[in-house]
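Same chain, two partners: subunit A is paired with subunit B first, then with subunit C.
Take a look at the complex of A and B:
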């Protein structure tokens, strides 16, 4: 019989060795257990919806959120299926994504880059969000896109119109369904020439930040190509609330067109002020004075009220479109929420479906698989006609709408009327176009 | 010359809003010694009084029109405002059309009540606390008020158009011998300026020519002595708080047609109004009015293309630049009493 006594020191040693032995596999494999950031392991997958829930774009953010929730319902096989019935890709079956039930968390961008990054980071790190979707500002989109690239998750941008999002700030993990400022210029120019002639003198008021500058550059280039002259380009502080000091000089500047490169509250106020000063009743250079708002949204149109009557602009999408995809989405959204969706809601809805579909086709949630599935992907049935997700810059190419403030709206929603659906060929540009140069997609980052 | 006059008009117009808000601010500081950072919120609540009245006047009943369809293809529900059915289509439409001027009457009792409740419910507890505490609590209150408004009215701007007869612009250049179309100015902006002048004049007359005003002025000069004379100065100061709130509210009501109200419009004006008060002199009513118009005009000229190309960014810093210069050279402000903010 052995007479070995059990000592405290011996127990500790043995325990330590045994513990290390048990832990060994995880010590060496912990970092490689997940092939990519937030790889879903259970029966569900979490999407992160990052939209402005407070601040001046909260209503637009709320509309985006409603659309994203609808998309989740459709992905999980609830409701009427919406655009799953019209989407040309049939990979989605209404049983979640890759068989996993879709859940979501939300973040508040506050339309501030730092707040948007913080909320996206929290959703990725604390809630395990595998992708980030939404937003209502180019500054936010660029900031969150950079964060997602570093974190190794996919970013599906919401409403972002600056060229830079898929230009100098493009990232491999980022994708934009929404159109951009160049496309607005390319779509608007022929309509402007048709409506106002080729000999016009334009005066630009431009919101003094990245989006405003790229839109001004795009509209100046496209209108000057028509033969228009640019009389002046004036930058207005983003925090401006009253534009009378900027509008008054327009009256005697020799210009006969005012281009408002403003969005949101800026646009509502500058347009209201321009109408107050009677610009649309005025004649200059023997022509009727005209106002152009290159980027419209339904909420801005509602905010501007009667002032938008007859004013031309462009949009990514409008609920009045009669293609099957649009009709399915409007019906689904309208019956659930009692109002037609905005174009930012549509882009967010489409982005969720596009992401889910890419996962299904790739057979994985791995961001690099998703990137590969989305690059060069051609589809239809989501409301914008045949669309290409271009591999070079992750920008969607599709038809663009030229719209006009409705002269005689019959209800609260038809404030804008579609003037023309500009074919995609007319708004397509080369990947190395000077307005989009300087960036590099880089490599997809799966994180983990 | 015409461009110069246009910017003067713009400045007077901007200055009207600054002066009205600053007047209330300085009235509160002068009487109660409170730095009220919720004053911008009162301006915003005033604007939303107009929005509320507009909504009340537009309360409608629905009838189904089978001949038209809504966006989902269902029969269209046509809304008819009750006022149109009560007073006839023309009179009803006219009442709705004049909702902003009517809102002035609607807002006065509401703003007086809001001011009274604010002073009795919260601010009186902070009379003896340091200014920093007053700023924190009133700023907090401002945030609460704007979030409450956002909860009920949303974040999007809401149009409160002026009456049809006062829309559009007036060729005032012709009246003064200029060429036609040289000086065109929006009618409602002229109305706003005239309205401000009347309100400012009314406040000064009230303080100058009524017994109540005399007591308040005496209280502003020496609160303790007035109290020792057996006058309940606190009650009068509470009423003055209500009046200051009403002035800010009326400024908001009439401002709506210039720029559609939104929940954060008060914050947009708050900082500028404080600068106006500081430049004019804390507690000085004529100073607030003078500085309001002066800074409004300077801001207008700083926004001209000539100014922004000569000194880029001048339009954004001009007001603060003036404030710095005034504070450095004359800390009590343009018309501040000797000794105030100088110790």
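Take a look at the complex of A and C:
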């Protein structure tokens, strides 16, 4: 039935269509006038705040969002100026960034890599965001960091604690102010040795995903260096809500320390289960049983309530710190929102100011200029003491807090007390440390 | 035309026009205006519209025709994405091998799952598919991402690293997904007065593929094979009693719709080279069911409309925050403004699920046939008003017997 004969006319027609088809793509590659992605042309500049507003870390995300809004106010010269007064770099004038008024858009990461990338993309493509800030999970941070590198905007990470963010997944356009799992291990080890001695047998329960593994690796390495023995490491599914079946074997394992490499709701549940089993009242190997939670947050502490009393852990920052930067930030946050900020809020606040300051010092919003201004930047007055943004991996190096669940809290926010401020020298590592190896920063990408 | 009847041809043409002119249609408001918040014509969302359109069209081939409700279709989408990213890692950033492999792998995977799950029907089938999908999710999230055998890169999502082999990657080819040198990310922005329209290479690739698979879906719907599938839906038992073995038909439908899902997954990875495990989670499987029901189960265009509807809410409503609201109501006196913001607040931003849920309920209760039924009723109402005035008896039909 079909007529397959080839005619001259047919060949010409097909050729013309095919030619047009091949030529078509060139209209897409027409170079645009902008020097870099989303170059701000009007009187304002847009920042993108990408935080979890729904899902397991929604509380953290909302706290981050409040802090970021506060930072925008301070940049625009509203409010009391917060840390602008204590920051050692005086480039920021409180008149926006480079004279442009700061505006912001928000997105919901849902603590899912896919959703986070989608909302970051929409802020970059639709709203013209010049940078992306925030987030409350390492998986999301790595995913969004990769996107920002491809799109040619700066990514200032929020709460992300896995080694990989500035290790094997590091990117030239991404920066992390928060501390990491290695630093937790290095800071905790001496305190653990003091508190519990050098002959302990540890049992690890670890959330079965990227962050859990890197934290377990870090803590095992630093406690074994002390002389501790690791009895067992057990992975728990992230979606678990009941950890009784994981806690029961701990009692008979011969271990006398339980390390919970859990975060958020996981940690609240596993700790509660452990307390219900009476672990802390038991003795093993002739020693009092102990529980360690390497990564703490205020919101987790509030969730776990009574159970965290005396449990040791580490933090990036705490509102009870008494340096000028912390006091200024806690004061403006408290006056505006009626509660002290969490450590993830502080990180996001500091990141916004650091980005704005880098733009001022570079004299441009061009990501490559910003990267240059941030690399090797030393500063103080944002709450963490003297801090260095290391050029090799875009990781901040600063003091790490070791904290303990407060035995007798006086109010709802007083759940943690600071045990020790571990100096930065003790948590510093070489850029090519095995736990961080395998990555490549690559070149800064200005997009466009 | 193309072996279609007149009605289907015009449907295909309408879909083609809508997808090709989407950058104009979705950006009706000037870029700087207050209403620009509702513009959806930026590359990422347009790509999502058509990709989830493909996903829903495929799902509808199974659910709309055979009535088998699969609650695990996201697994095939995820498998497609993972295979596409592996192609990027191993071969090159060219999207063709990636998309091809994603369809093939999703097809094989759905053959496996379909073979087991289709031994049961009804609710048991749904639960089986759900179980398989959650299993795949758990595998991708933690089991297959341990440092010794890292197939999926777990929570972070599979992505391309600088030290991956990429054996076919030429020295000059772009370092991001491209079609023979044309980057998927490249966008041409057309400024017309205050308006701006984005023409994105990746979107047009997806759009062309969607039109092709939409055409394929029409052909399946109208074929004897499609008729068999409908027979399965209306009464599978009776079909079996007549001596027909219905299982090959349902399995074929399952595999075809799995391949559609794989294609969608492959395209997602081609637009954005990262595959996260979350896209296999049961919520993602539920989403495609919602899309299909919202748009109109068993209709050709319905699933595409449903996909667009849900993605619009997810991406546009979720981004309206209190600041934007204060902007809208700033003309009101202070107290009134805060009151209005307070009332609207639960429905926007993170409350977009609530708005969508209410709309979904309204559609299911008042328009059981989905958005397509809404459109038909509207059309009938307009026609009725136009012709009904001069000829009232035309609508009345005498009973035939």
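Just so we're on the same page, the second predicted complex is superposed on the first by the 417 of 448 C-alpha atoms of A that agree within 3 Å, B and C clash if a C-alpha of one lies under 4 Å from a C-alpha of the other, contacts with A are read in each partner's own complex, and residues count from 1 in each chain.
Criterion: a residue touches a chain if its C-beta (ideal position, glycine included) is under 8 Å from a C-beta of that chain, and two chains touch if they have at least 3 such contacts.
For clarity, every value in this text was computed on a predicted model and none was experimentally measured.
Superimposing the complexes on subunit A yields a three-chain arrangement in which subunit B and subunit C fit side by side. In the superposition on chain A, A:304 contacts subunit B only, with no contact to subunit C. Contacts of A:237 after superposition: both subunit B and subunit C are touched. Of the two partner chains placed by the overlay, only subunit B lies in contact with A:56; subunit C stays clear of it.
Once the two complexes are laid over each other on the shared chain, residue contacts for A:442 go to subunit C alone; subunit B is not touched. Of the two partner chains placed by the overlay, neither subunit B nor subunit C lies in contact with A:97. The minimum CA-CA separation between subunit B and subunit C in the overlaid arrangement is 6 Å, rounded to the whole angstrom. Overlaid on A, the two complexes show subunit B and subunit C touching the same residues of subunit A, namely 54, 58, 235, 237.
Across the complex, subunit A meets subunit C through its residues 25, 27-30, 32, 53-54, 58, 104-108, 112-115, 117-119, 121-123, 125-126, 137-139, 142-143, 146-147, 150-151, 164, 168-169, 208-211, 213, 235, 237-238, 438-440, 442.
The touching residues of subunit B, when paired with subunit A in their complex, are 2-3, 6-7, 10, 13-14, 68, 70-72, 76, 150, 154-159, 161, 167-169, 181-182, 184-186, 188-189, 258-260, 262, 264-265, 268, 299-300, 303-305, 308, 315-316. Looking at the complex, you find that subunit A touches subunit B at residues 54-60, 232, 234-235, 237, 239, 241-242, 244-246, 248-249, 251-252, 265, 268-269, 272-273, 276-278, 281-282, 299, 302-307, 319-320, 330-331, 334-335, 340, 410-411, 413-414. Interface residues of subunit C, counted against subunit A in their complex, comprise 39, 42-45, 48, 138, 141-142, 145-147, 153-157, 159, 161-163, 176, 179, 181-183, 185-189, 198-201, 272, 274, 276-279, 315, 318-319, 321, 323, 349-350, 353.
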